[in-house]
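Here's a structure for you.
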């Protein structure tokens, strides 16, 4: 128990309200607006009938991701990366993470020689943009796969199982699930966890922002993450049923 | 009269349904989602308490704009400019146009030494993104100015009058107002017009995509644009009253 | 009538002395130095027996343009774009305009799968560099086409008709033809007009630098431009006869 | 027990031979060649009497890192990043990781307004370059700090405690410590762990390269990492005594 | 004596016709078109009342150079460096050479804290562009210095003595002065020599394009260069008297 | 005779201790650490079974070089070129020089359609890095060629003869061989000479850093260089025998 009060009297192990809106834009094969509280990320899945050079002739497909943030998605405006002429290190890290996470649940052979390009663009940021992006990108990818199946381009789904992600962290000594921005800024430890529907880890990235963290703290964070991801996977399934 | 039928049986001199949603995101001083039919552009206005070098010490402020398009805002995915490492010529042209159009209705002295940075990001494209951007950016700028006035940072509005923009064009011989994408692709002449609330021109940019156009055709296009912009300015005013 | 006096007692509707020197350099298939008063632009046309990717296999050719300014073509030295590592927005706008203007008078099918690359480099700037560039580039393109015909590579000219361009503007309330630099700096409205030999518009780009302009002012400017372009087209024809 | 045989009959929980050579080059305030088996990384620490903009006037210093790989440090030559004109995403991820890891054991206030710039350049790569880099960079940083103390520029060491890093992974079902290249290529899970001398975590980055990993596997990997890092920290201390 | 015949029956030790046209463009403080036969280089000298960072507060000025080639200055069109986004190695080498050569005859203290920026742009290339650039840049610099003296900004000329440059080479076994393009392409050895009015060397850059060259060949080339540069320096003086 | 005393009482015509260590790293086909006193350069030769576009289908191979300096190879840290996003002019000049020097002793026909890529990376700099690079790169190239012969990929060595390089200069009036950094900084004339085993010149690059140099001084420098290079070529041969 702690004196720390979260926005909206949220419990330490409680997700922010999650909203998954499919078909958010009309051109992409999959298009999902995912909201973790005030964090809003537009995730689109585009199917392209070609693969990058390292996959040509392999009979396998490719899944990759790009990540961006609108300049005023944040409290104070950040430079537009296109204008500055390069993506910064954080952006590159995040888009590599999203790509790896989604590839972990794809059978690239079943996809055939085509690419699913995921674009995750943050419309509004309030902490947890990368985990929202992974969780939403999976739904967009599922919609794109469904279209490929419906069009007869593939006969078996290459999407093996769900994947979702959540952030956890220790703020003023308390392990918290799904950090919003003010919590993220003040936290000592920040961990992003990506898990499959089977409850196995795809990625665990824990970082001590302030003091280093103990094994016991890490165990507490992993337990929180496991709970949150199970809930997110249920929400993904529900969104797909709607 | 023409055999050409527009989507939704729209008349040649009719705007698409226009929707202006203020306060679309929460961080920016002004944040407007503007929709011209299926075209959706998020326009944010950010106030920064500094000016670029050429205005330092001048006692005047600055108004500038950047424009971007989410990679899958379009029918087929286009490269992310941040990943490619530069903004293309079209992007630069458009953001220069937006900046000039807004500066035309600003009194930079009354703004004081601060910058209003307008970001126009296309969420979904179906023709007319630059004209929607200008029209929406003006509303976002107005909201930002209202905040500056409320905060006592300025005592008189530097926004002299409204500005709005629309595209017109000749498709299969017929002059049309507010081209959507399929019309834009097939048109012979494409013209973007930016006008003030007083009915004066800020910009006229007419381009013959196919055959060159006559003075008579130009006059017809200008008349259509004048009608459309008057309607847009009324819609801006209504949005600000809501 | 106005108190404003132009350099050399030039009339409001008078072009500066125009000089078109063909074969200015020896390597290019077309090479023209065009002078509008003190503005001097070297326009070369290079024929390349290949087309860009979007035209490969189409049976059609391509016409494109690049524009540059020597660093000390201007009053004070401007940065060399090659050293800075990118072309600025103005440069890109201008080279896109030149390319569109020339393509408007080319039949790309008759050109065959080859490219005419126009390079317009400003040796000395005194206003109107983009309009001089278009006017001169057409002559250079004509010389390159003549060589292709003479070499038997094509049997019919793909150059359908002439194209030329001029700037007009309102300075201290007076509409003026062919602005030189000091007039351009002080003008309220600046308009660049590109017309074909048939007197039709290819491009009209009017910009209010200061106060927005009325329809009546626009009509006056268009009339001036029409007069100037007719004279330029006569001068192009004369240069080709020499 | 496993059928998998490691190079040189190395045990699953055994580090490769580690060699730490101080004063490897003569100009840097700290210069360490660290070898993990065939992996060789040159780590230099440079002291600069200035800080980046976000620290100016704060009274605090800064610690940052850059990472590079000589083009032929690897089996087949990779492009030189300086020639290609940018650092790739992997390079940026690694140098951000090194920087965070070192900052975690620095008291930036005690450092004063100066920067310790760590450069980690891979001379020869055989797996584990980022963990060798962190482990070696700490020794180089310690040497630089010792010089600052000796010069009287600081009176108390800003280096609070040691930090070291190791990779662990699951290869053919067996958890292994300190993966060499052939193991890294074939592994299902790859984890990099950074710990302090006190045995607390600074970073845990686990990635499923093939199938997702279970909590039990993660526990096994963390145990291996803890053992390895304790040994590395002892080796750092010994190197500093020599 | 040799069987090799030069264009226009030029002797082995004969310069091409050299033409130096001062005041070629109107804005620059010095503006010279220099022609070595068909090679034409525009050299401008711009005076800027500031110095680069490494000279600030030193009481000394700076002299620097940039070099460029119009895309169609050459037989076949070369890419525009501004469009490609960087200057190639050859361009950088040449502009560094021009800068060093001019600085060798400047007393930077007498120049005061200002910069003379030399821009050498090749309008037409036929071999020897860098040597023409150095020779012409010196005249442009002299004109700029004369203006500074006339304006009373400096009281004593910082230009100590003349400098000029010429290429020499061995073609089919014969040492030749001032190579034109076809000779340059076929030569075994290519040497660029920069000398002062006093007959001393500022730069000697000899390169074996084919077989390595002997000391005897080098002596022959140096003798030719000495003769040619003496003539060029006389031509510079004559141009300044005109 | 002079009052100037060199480090370690070195004679004016004496090389620094030269050390050539072959097989310095394990992956490259040739890998040589060459030391000229405190200057240490790692030279690797990589064989790639492809050629650049201008050699494709020619039956000839290619030899090229890249050069880099670790950020803290120097007294004060220099920016990492990969981070800055481009190689500076000096780097490009040097890598072009190394490439030309090595190609001068290669028969590209005998090499066949493959590339030898030389990477010269300065680990520690104390003057003469480019000359050490050329001298060491030749040994690395020789080792790579020996592997190609042993593998039966070529049957005759394409390496015609040795090549080596040395710097010479005039310091306080005295011609010196093999300048170290403090001598290089203070010298009036700096010359880099590249010669073949046959004693012929491949490159001579002399630069007056301060006052211009006379023919007599040049002759003295060339004599010193000839002596030094003969010694270096003997050391290369000895290293290959070891």
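To keep things simple, chains are lettered A, B, C, D, E and F as they appear, and every chain counts its residues starting from 1.
Keep this in mind: a residue touches a chain if its C-beta (ideal position, glycine included) is under 8 Å from a C-beta of that chain, and two chains touch if they have at least 3 such contacts.
Every value quoted in this text rests on a predicted model; they were computed, and no experiment measured them.
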Chain C-chain E separation of Cα centroids, rounded to whole Å: 33
For chain B paired with chain C, centre-to-centre distance based on mean C-alpha positions, whole Å: 28
Rounded Å distance, chain C centre to chain D centre (Cα mean): 59
Contacts with 2+ other chains: residues of chain F: 85-86
Arrangement of touching chains [line / ring / star / complete / other]: ring
Order in which chains appear around the ring, chain A first, chain D after it: A, D, F, E, C, B
Residues of chain D defined as touching chain F within the complex: 25-28, 31, 38, 40, 42, 44, 46, 48, 66, 68, 70-77, 80-83, 85-87, 91, 117, 119, 121, 123-125
Residue ranges of chain B in contact with chain C within the complex: 86, 89-90, 92-93, 95-96, 100, 104, 191, 195-196, 198, 200-208, 211-215, 218, 222
